[in-house]
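Encoded as structure tokens, the structure appears first; notes follow it.
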Amino acid sequence: MVAETLVKKLRSLIAPSAERQALTPRGLERLREQLHECAAGLGGEVSARTRAAKLAETYLGLNDEGRQQFLKLISLEFGPDPAKVAAAHEHYQAAVATPDQWKAEAALRAAMRSSRIRILTQFNAIPQGVKFLVDLRADLLRYREQDQSDKELAVLDRELESRLGAWFDVGFLELQRITWNSPAALLEKLIEYEAVHEIRSWADLKNRLDSDRRLYAFFHPRMPAEPLIFVEVALTDHLAGNVQALLDEHAPVFDHRKADTAIFYSISNTQVGLRGVSFGSFLLKRVIDDLKRDFPRLAQFATLSPMPGLAAWVRKNPDVLAEAGLGLNLEELSNGTWAADDKQARALRDGLLRVGARYLTQAKQGSQEAGPPFDPVSRFHLGNGARVERLNYLADSSPKGFRQSFGLMVNYLYDPDDIERNLEAFASDGTIAASAAVRRQARPGKA
Amino acid sequence: MVAETLVKKLRSLIAPSAERQALTPRGLERLREQLHECAAGLGGEVSARTRAAKLAETYLGLNDEGRQQFLKLISLEFGPDPAKVAAAHEHYQAAVATPDQWKAEAALRAAMRSSRIRILTQFNAIPQGVKFLVDLRADLLRYREQDQSDKELAVLDRELESRLGAWFDVGFLELQRITWNSPAALLEKLIEYEAVHEIRSWADLKNRLDSDRRLYAFFHPRMPAEPLIFVEVALTDHLAGNVQALLDEHAPVFDHRKADTAIFYSISNTQVGLRGVSFGSFLLKRVIDDLKRDFPRLAQFATLSPMPGLAAWVRKNPDVLAEAGLGLNLEELSNGTWAADDKQARALRDGLLRVGARYLTQAKQGSQEAGPPFDPVSRFHLGNGARVERLNYLADSSPKGFRQSFGLMVNYLYDPDDIERNLEAFASDGTIAASAAVRRQARPGKA
Amino acid sequence: MVAETLVKKLRSLIAPSAERQALTPRGLERLREQLHECAAGLGGEVSARTRAAKLAETYLGLNDEGRQQFLKLISLEFGPDPAKVAAAHEHYQAAVATPDQWKAEAALRAAMRSSRIRILTQFNAIPQGVKFLVDLRADLLRYREQDQSDKELAVLDRELESRLGAWFDVGFLELQRITWNSPAALLEKLIEYEAVHEIRSWADLKNRLDSDRRLYAFFHPRMPAEPLIFVEVALTDHLAGNVQALLDEHAPVFDHRKADTAIFYSISNTQVGLRGVSFGSFLLKRVIDDLKRDFPRLAQFATLSPMPGLAAWVRKNPDVLAEAGLGLNLEELSNGTWAADDKQARALRDGLLRVGARYLTQAKQGSQEAGPPFDPVSRFHLGNGARVERLNYLADSSPKGFRQSFGLMVNYLYDPDDIERNLEAFASDGTIAASAAVRRQARPGKA
Amino acid sequence: MVAETLVKKLRSLIAPSAERQALTPRGLERLREQLHECAAGLGGEVSARTRAAKLAETYLGLNDEGRQQFLKLISLEFGPDPAKVAAAHEHYQAAVATPDQWKAEAALRAAMRSSRIRILTQFNAIPQGVKFLVDLRADLLRYREQDQSDKELAVLDRELESRLGAWFDVGFLELQRITWNSPAALLEKLIEYEAVHEIRSWADLKNRLDSDRRLYAFFHPRMPAEPLIFVEVALTDHLAGNVQALLDEHAPVFDHRKADTAIFYSISNTQVGLRGVSFGSFLLKRVIDDLKRDFPRLAQFATLSPMPGLAAWVRKNPDVLAEAGLGLNLEELSNGTWAADDKQARALRDGLLRVGARYLTQAKQGSQEAGPPFDPVSRFHLGNGARVERLNYLADSSPKGFRQSFGLMVNYLYDPDDIERNLEAFASDGTIAASAAVRRQARPGKA
């Protein structure tokens, strides 16, 4: 009963944070009691379900401060008992290399088991319980970020991440193609979740679902109305180099039977609460398989990707502009007004491409040369075995496009013959695969 | 490709154990290599999938000895590093009661993490991977049972059980009603899996799916063709006391609109590999909810259950027969020939009911009075909050019925008003709830 | 093959009429030949299917003149043979009141059978063949309307109408509730087809599918993507009297659990080609049944309907304005500017309500008093057994609302206790059921 | 309400004919009244539905005599009015070759329209109304057969057949593949309906659904649980010549990926009430298309068919046995005992094949040489464009096989290149297509 009406409350309560309440001292005591009952697991499944529903309702009714207290209570009071851990550990170390080692290992593991996950798992039995936990983790991440000195939530976060990782194992995910025949409520979510190139209207969305496009998403069986990640694909006959052209609703529809190239032009993760649980590479693999089956003539799989970290990197390394022979400063390059002037646009071309090429082939997150690339999108695609194929000038002329990368975009190419080699080289020593053209653009002599 | 053909192999290879091969020394080396690659997680998802498929194929092609070697390899060589565990533990204990405790706990947990589960989890990405792992655990349990002195597989078993427990969380299970309109391939599985009262033919099965019956099962989204557990229900207007009457295909169909009682007369778990992962009580709860919605007039929910441990208990406590004034010995009672003689059957009635009542209200698994009941079915239903309601004489006159319980059966009653109280008393001090009538039958003076 | 690609052509060819061709004399000869082959039914189903696909393709490629020739060819050359009809008729009349009458009747019926329907029916075997025929009839109706002196297409139209009537028998239609979870492609059709109160945007549509609304449509199993007719319902606690209030996207959502009234505020037929095949009354009946099951507290079912013929009737009967004491003429009343002036709006109220009441209770299509009502919406609802319940002043303040009915709207009430009586009285002598209030408003003395 | 409970009654009442009642004189009067109300169509859809449900209930409650009276009432009293027909006919003939002809034709058609079909059509609105009408027609056919002198039901039968023909137009039928995953309730119907080679058990059925088999059926959207016609197909690598081999449950499963031949070994119509409405040839066409798509290597489509009329034809033409040099008489050949004696079986081979070949290539239904073949199965397949390909000796050694055709069976071959030519020759002058081998066997000199 409680559980059944919860769903509606869940939705309505989450939104208007104004109506959410603080946790009173009495409420805190009551909550502590409930959580201990919950951890003790008294009363069987029926009670557990009712209890979980009540706790969820309590949680949803709390303001952010109250929620933080709720989560800290779980984090602090429901961990393992250090004394028991010590005893089990002593026994384990003594048993190493004896036949008892394996039983002792299991016993130590048991002693480490906390009640935190038991409490959290009980929410899974309520309707939409999985979504509740994913959103709870989104809260958790937000609170941790807001107060980074506070270390108490970290342990709960890691346990929850680990459990969500088990639940959202790629083996459980379902690949679905989303079309103009999909439920409007689902399409509306795409509009909301699209993180790369904003969907401006239903007409824009319809264009992205036309016969020369594909849109795929991963779903979890217990969150059927929530895409976890989705990718937008254009079927073409060339390596697309301009995103505004791709998104132009008035452009003629390409005859998909003539397509030899699939361009992945947008990939969006949707659930903040699943940070650290990754399914992007698996999604691309599954989508490529699906496209190959439907379009046997497809010979080239590539992205048209943003370079979200370029401007930030230039800010950190201001010399690169001059080195590339560019007369404009970061500010000027970012506002994009120069692009309206054909002559100036032509003049800046080589320099900007050189800056972009250096960024993609050399910029690293830390100081080590073998470290991961500075660019997050680059980290993702190179980690999947793609290579930097081509830089595109004036490829995204939206304000955001100029602001983050001076209008530059990049194609990452997924060449089936090279994927394995690329990703092993990338994994072992950080080698960045790039086409000869890009490598040439990055060379000092070029400018 | 490998993965795609695997499904067929899986089915065909599992069956004919004669064709399965031993693991050669060279094969063992190759396997060790593959497992280390797998644990290292080199090469991204694509490689992982291919590797997992190959490993699964290898496993399925091995005979029992080879499979044991396979599993031991994982158990022994992919555990945590004791030295790293020791270091993390030292740090953890030092941090107790300081702000660093939580981070140190997470670090200790990380040090405990083994590669075993990483290896096993990769199988989840192959088609029917979940079923593969459930069947692999069934192997594991069998090997452990065959050689109980061997402790090396225990740790792998516990890790796998824990992961399966997370995956088969009740929140992920789907309750389905199974009817005569369900797929024949699914109904065939019921015939195969029914563990309490054998389904003798398709006509027998159809009778159990008639309008005065219900059959419910739990399914996991990734094993859609495999019921995990199912329960058979009869809708009647009385507390049913004879199972042959319930299963009589020629008995008239009861008008379900007049039903006020639901009798659960058979509950079967189907997946050996999920031992220790329990969903029975949750199933009953969901089924009762469903029945209430469909038949608001239902007022009584009870079982008609076997007493599978009675004869074994009598063998251990031979005096109970004489105490109950029974002149026949265990052998004679078990063959059931006495039941054909009306006079003798009448004469034995009170004594047998007394033995049954004592068994249900007093027989415990260990020596402690507060311990769990001797009878496994009793443990299940009392643990869910039911009470022992009525003993039924000559209730199961099949050979199996006489052999295990001299023809006796019992009704456990699920009374919504008492469930909570019952299961809390049962959980805290082992109190067995029983009706006044059964308590009276168990009393010494009765005989 | 031909048939498979036809579907796409169908869609693409129908639209750009500019590209459609005239029928050449040679083409006409070829067509005549094909039609005769088709009527002869030579060559079995396989040939028939191929032939039908070719004919459909020919038809879709023709311009309006060509299509008319196509249809006339069928109408003129494939009718029954008058000589054979005469012979069969003679035999039939001779057999009347003898045992041979029934066989002779069947023989006459056989002689009357034309090849026209045989030709048309063959299209049903091509993909989307039903939709093709429905659209073909829409052409037919248009051609007949354009040239009313032309009688040659009438006979084909009647035969096709009769066959479509058999195919679209209400027993074959499926009632579906349409929600925000329905396919976007389907919702888009609602936007296109809504004929009463234009759907202005996706947000407007979403509002009409909110939790206090219901939208139902009838579908035919062979035209699954095409709603045939749909009705929009608002759940409220009063007899709604203003359509702009109902359609206000910013109005708060009504708690549907408190609803005691269902307001049908828009009913749209979508397929021109199904004119004469009616399912409106059956739809209302099914929707009322469905609503009653979902909302047992609903006690009142009514419409909020336009009065599309009011202004036209006033034009024919200009005296009614003066008789009702109205100082403005038709033109002035139709532009609605008076409504902005509160004082004038108050002054006109009684008079306009009186005109509306007279219109609804007295205006007839022909000169006979027992004839059908002048208003088409009135004909529909009164024919279903509703009664004129209440006139609503300034109920539709859109330009269309003023133009057709000076802002007036009407509630028709479906009172289960009266429906039978109302529709029998209406059917037998044209009696219009109306509430006492409306009858009073219509009375001369009122003004 | 009435309508909802009808479904159950329908099923329960149809079966136990003992409980069905006679029609009393008072009941007949009441029925006449109801039918006239029904024909008048008073009271709208709601009333119509209620009335139809009541009439259906009345009908189902009647015994055969009562049902005949019911049907005759409709046949006799609800036909067209001969006087009105005469008037309309006169007008029509006068209008021939004038512009009024088409309107007059439509008017004559309207005058011919009877209320019978209106009455029958109303049943379509009740649940399972289509199935009700199909079963009603089965009654009708049975009554007509039982009393062939009685001509009164013929006209009703023709009108109903015509309406069912429109409703069961092939364009409305859905092809479904039936597998071991289909609902048990549906598979049970196959067991019941199989008319050629009895399905002996669920194991037999499962064998016919194995991976080297296919089973397809046509369904109507309004009778989703009732296959209308189904065909069983074996995938092999040769022209199968023995039906017991095909149906052997213990035979090894053929690897379907190696199949180049599809053998249609059983086709069953299921609905007696749809006699005259044919979908067999369309089914074969659709099935062949489907098989080609799934198994591109299939190169040969043939049947393994019974020759149900052979023994009957021999009885009519006793000389053929001697002419073929056969020493046994019809009786002896029919009981099949000779087949157990290898020597005798060898001796009879040529003669029996010769009789079979003459039968298939020469035996006609009437006396005309261009008339349809004597054998009903032959009529069907030759009418679809197949040719007689091969006779199979001792191909059906069941008692039925010997009784109807002395163990002979025949392969009809569907050769895509010849189908059109074959069926046109067959349609125009009755030419029977046969392979050279069969034609040779039929030649006099052969024996």
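Labels for the chains are A, B, C and D, by order of writing; each one numbers its residues from 1.
In the analysis below, contacts are C-beta pairs under 8 Å (C-beta built on N, C-alpha and C of every residue); 3 or more make two chains touch, one makes a residue touch a chain.
The structure presented is a predicted model; accordingly, all values stated were derived computationally and were not measured.
Trainee: Given the touch definition stated above, what is the smallest step count connecting chain B to chain C?
Mentor: The distance in steps between these two chains is 2.
Trainee: Taking each chain's centre as the mean of its CA atoms, which one is farthest from the centre of chain A?
Mentor: D
Trainee: Roughly how far is chain A from chain D, centre to centre by C-alpha average, rounded to an integer in Å?
Mentor: Computed from C-alpha means, the inter-chain centre distance equals 60 Å.
Trainee: Just how far, in Å, is the C-alpha centre of chain D from the one of chain C?
Mentor: Computed from C-alpha means, the inter-chain centre distance equals 39 Å.
Trainee: Just how far, in Å, is the C-alpha centre of chain D from the one of chain B?
Mentor: Once rounded, the distance between the two centres reads 51 Å.
Trainee: Could you say which residues in chain D touch two or more other chains, in rising order?
Mentor: None at all.
Trainee: With touch defined as at the top, which chains are paired up in contact here?
Mentor: A-B, A-C, B-D, C-D
Trainee: Looking at the complex, which residues from chain D come into contact with chain B?
Mentor: 180-188, 202, 206
Trainee: Which residues, counting only chain C, touch chain D once they are in their complex?
Mentor: 42-47, 49, 75, 79-80, 82, 85-86, 89, 92-93, 96, 99-100, 102-103, 105-106, 108-109, 112, 121, 124-126, 129-130, 151-155, 158-159, 163, 166-167, 169-172, 221-222, 281-282, 285, 383-385, 419-420, 423-424, 427
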